[in-house]
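Structures given as structure tokens follow.
There are two complexes below, and they share subunit A, which is joined by subunit B in the first and by subunit C in the second.
And now, the complex of A and B:
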């Protein structure tokens, strides 16, 4: 079994018109046993920047704490929030530093940059950045997610339509993956508000 | 006050502190992760006035296409560009690019391709091939146009035309058949595009579009997506319609403060 299949996860982020959405599943398992159904995979870095981490849960939490630490130092020194592109470079550097003994997680970063332009990117476990203009996926359900997003995505969707699209893509993909599921957690971020929603999914 | 708790700016270079844990996990039967590789076709050739580099735009994660339009031609210096085939490439390229910039400031001269080559070669050799970056490096400096290939082990070759990556054989066949010295810019671009297309259509690890970079003395032209021979057909104009809406259990709305641009108007100093 691959190390990424130890805990199971599914994270996806999509770009809309001046907004973005990032969603994850909620299951935490130890191989085939489910031990939690409310695991937080997506975390806030600042109001307009979110990071979703898939992979080994212990590394997810450790890496998140390291990143929050670095961002707080940045805020103290620069007196402002980090831009999403800068943050992506920071995460990439932190992951590449451990090239030969990596953190076993794959981040998905989503944020609103200057002029409220949405930015999303994902990385493999050693920090190879993959910028995309439409959607990015990560986790054990990633193959299904690629297919679902490819079919359902449309450019320039408004916040409500984006929410519906990303939720349907997430739920239909995790339904085909034993290791992820038990509902969904979706954040839709526009320049004025953050809408966090918990979805009802199949509980198996 | 213990200062060893968290290392913010650790010493430069790789950190090996998770190696023991990862090995323990592997011994327990959990396979190590596979990294993002860019299967790829990358080529370069020297024409009459300079160097032309070309690359495809597909990034693969095992058998899945992770990115349909990634950028594989990386900036090293204003007159030097490099194409790469793996995740390690970006890190190595950025590192050498900053070393070159510092060198430019120190010497006050434009970077030479051979400098970039030596810096890359030394780094890759010292890691004995474990940093798996295979590169095609090309540029025009004061001594003229140069084209080199670099293996992950640190082996370098200086060539008039070169190909690397999983599609290198497909592209090399095109070069071997049609390359000649003293090509004009348009002939060179056409040949490079043909070689990359050969890689795109015949190699499974390469695909999508063709990126080209033309470097001449004092000028560079990056033609991103120069050719798009694989457009998405059959796009439904109706789009997807969801009959059943997602059931939401809980909604939490956090209004955000409006982002205000603060421009401080300075007051003139009083004499």
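And now, the complex of A and C:
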């Protein structure tokens, strides 16, 4: 098993009508052994910007701390929140700085931009951005997630339907992966509110 | 009276490897497999072993108690990180009074258990009485020993009830054979042992023993990534084996640890102007 599969992870983000949803599994493992079932993979940068990090857990935590630091500096200097597109470029630059000794994680960025237009993108571990209009996935369960999202996704879903779709896609994909699962964590973000939910999943 | 030395006869085919043995009737010699024609036989074997080598991702357990033998297993098959099936039968019914468990290569375990079943039946017909668990496990162990080093992956327990009472043996692909009261095999076995050893008493009823077995498998599926699916529990008594339960471990979790609903506090965000 490669280093990206050491801890196990699954992260997915989907676009809806003026809203987005980002979801992850909750398992932290050391190869096949499960250590924790409440690991935070998705973190808030500001109210309309979330980042989910899959891959090696230590790099997930360190990279998140670095990004929060950079964003807080930006907020102090510019007196406003970062736009999602700008933040994606920032993450890409930070990852490429470590081109020859990379952070072993793959981020999924989801945010609401100008006019509450949802923005999602994913990157590989050295910062190659991949923008998408519908959904992005990352983690050990990514192949299953691609299949599930492709089958279940519809454009312009409202927040409740988007929540159902992303939850079903996540749970059915991690049920085919030994290294991720043990519950789910879903954030659904609309211009006015952020709903955080924990999913009951198979604990095996 | 002439001594019956058929048990001492070598099981290796006398004619030579890879040759056509269709002239002999099917079962009087060991099934002989064609060997590959290659110049580097040792290297080829090493590569074949590496290719086939699964990590015995599974949890199986068996223990002897007052009322017989309890046998339990999960039902997940994994290929590296991918779950290929959640509904594999890992407890193999060799004959109505003997069970075998599967850990390691599925094909290997299925084939050799079926082969063992054939040999046990032939023994019954030849000797007019059932084979003992000790004898059956010895047949399997000797068979696996003759294929030692060739990349078979079999970690099995033979559980049964014979004239001497309940019997339990652990047999593996190295040719090892151990008699014992409690065994667990597979990547989830450390977790299963933890629960099994702390809850085990010889004087248990069938219900208590089956609940202990089910709980041990459940805990192993929770902690081990390569175990999961359905926890099957079988009981072997004087009348033979009987399947007691097959519970989905996803549901067992919420049965043992129900979720108490917590009122969440919605964070209302200021509408961004």
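Criterion: the second predicted complex is superposed on the first by the 204 of 204 C-alpha atoms of A that agree within 3 Å, B and C clash if a C-alpha of one lies under 4 Å from a C-alpha of the other, contacts with A are read in each partner's own complex, and residues count from 1 in each chain.
Keep in mind that, in the parts below, contacts are C-beta pairs under 8 Å (C-beta built on N, C-alpha and C of every residue); 3 or more make two chains touch, one makes a residue touch a chain.
None of the values given here were measured: they were computed from a predicted structure.
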{"item": "Touched subunit A residues, subunit B compared with subunit C", "value": "B"}
{"item": "Partner chain in contact with A:124 - subunit B first, subunit C second, else both or neither", "value": "first"}
{"item": "First (subunit B), second (subunit C), both or neither touched by A:100", "value": "first"}
{"item": "Touching partner for A:20 - first (subunit B), second (subunit C), both, neither", "value": "neither"}
{"item": "Touching partner for A:87 - first (subunit B), second (subunit C), both, neither", "value": "neither"}
{"item": "First (subunit B), second (subunit C), both or neither touched by A:203", "value": "second"}
{"item": "Contacts of A:178 with subunit B and subunit C, given as first, second, both or neither", "value": "second"}
{"item": "Which of subunit B and subunit C A:191 touches, first, second, both or neither", "value": "both"}
{"item": "Contacts of A:34 with subunit B and subunit C, given as first, second, both or neither", "value": "second"}
{"item": "First (subunit B), second (subunit C), both or neither touched by A:140", "value": "second"}
{"item": "Subunit B and subunit C footprints on subunit A, overlapping residues", "value": "1, 47-48, 191-196, 200"}
{"item": "Touching residues (chain side subunit A, partner subunit C) in the complex", "value": "1, 5, 8, 29, 31-34, 47-48, 140, 175-179, 191-196, 200-204"}
{"item": "Complex interface listing, subunit C residues touching subunit A", "value": "57, 74, 76, 78, 80-83, 86, 187, 221-229, 249-250, 253-254, 259, 264, 266-269, 271-272"}
{"item": "Subunit A-touching residues of subunit B, taken from the complex the two chains share", "value": "6, 8, 10, 14-22, 25, 29-33, 35-36, 59, 61, 64-67, 70, 87-88, 90-91, 130-131, 239-240, 242, 245-259"}
{"item": "Of all residues in subunit A, those that touch subunit B in their complex", "value": "1-4, 6, 47-48, 55, 66, 69-70, 73, 92, 96-104, 124-132, 142-143, 146, 151-152, 154, 164-165, 167-168, 171, 183, 191-200"}
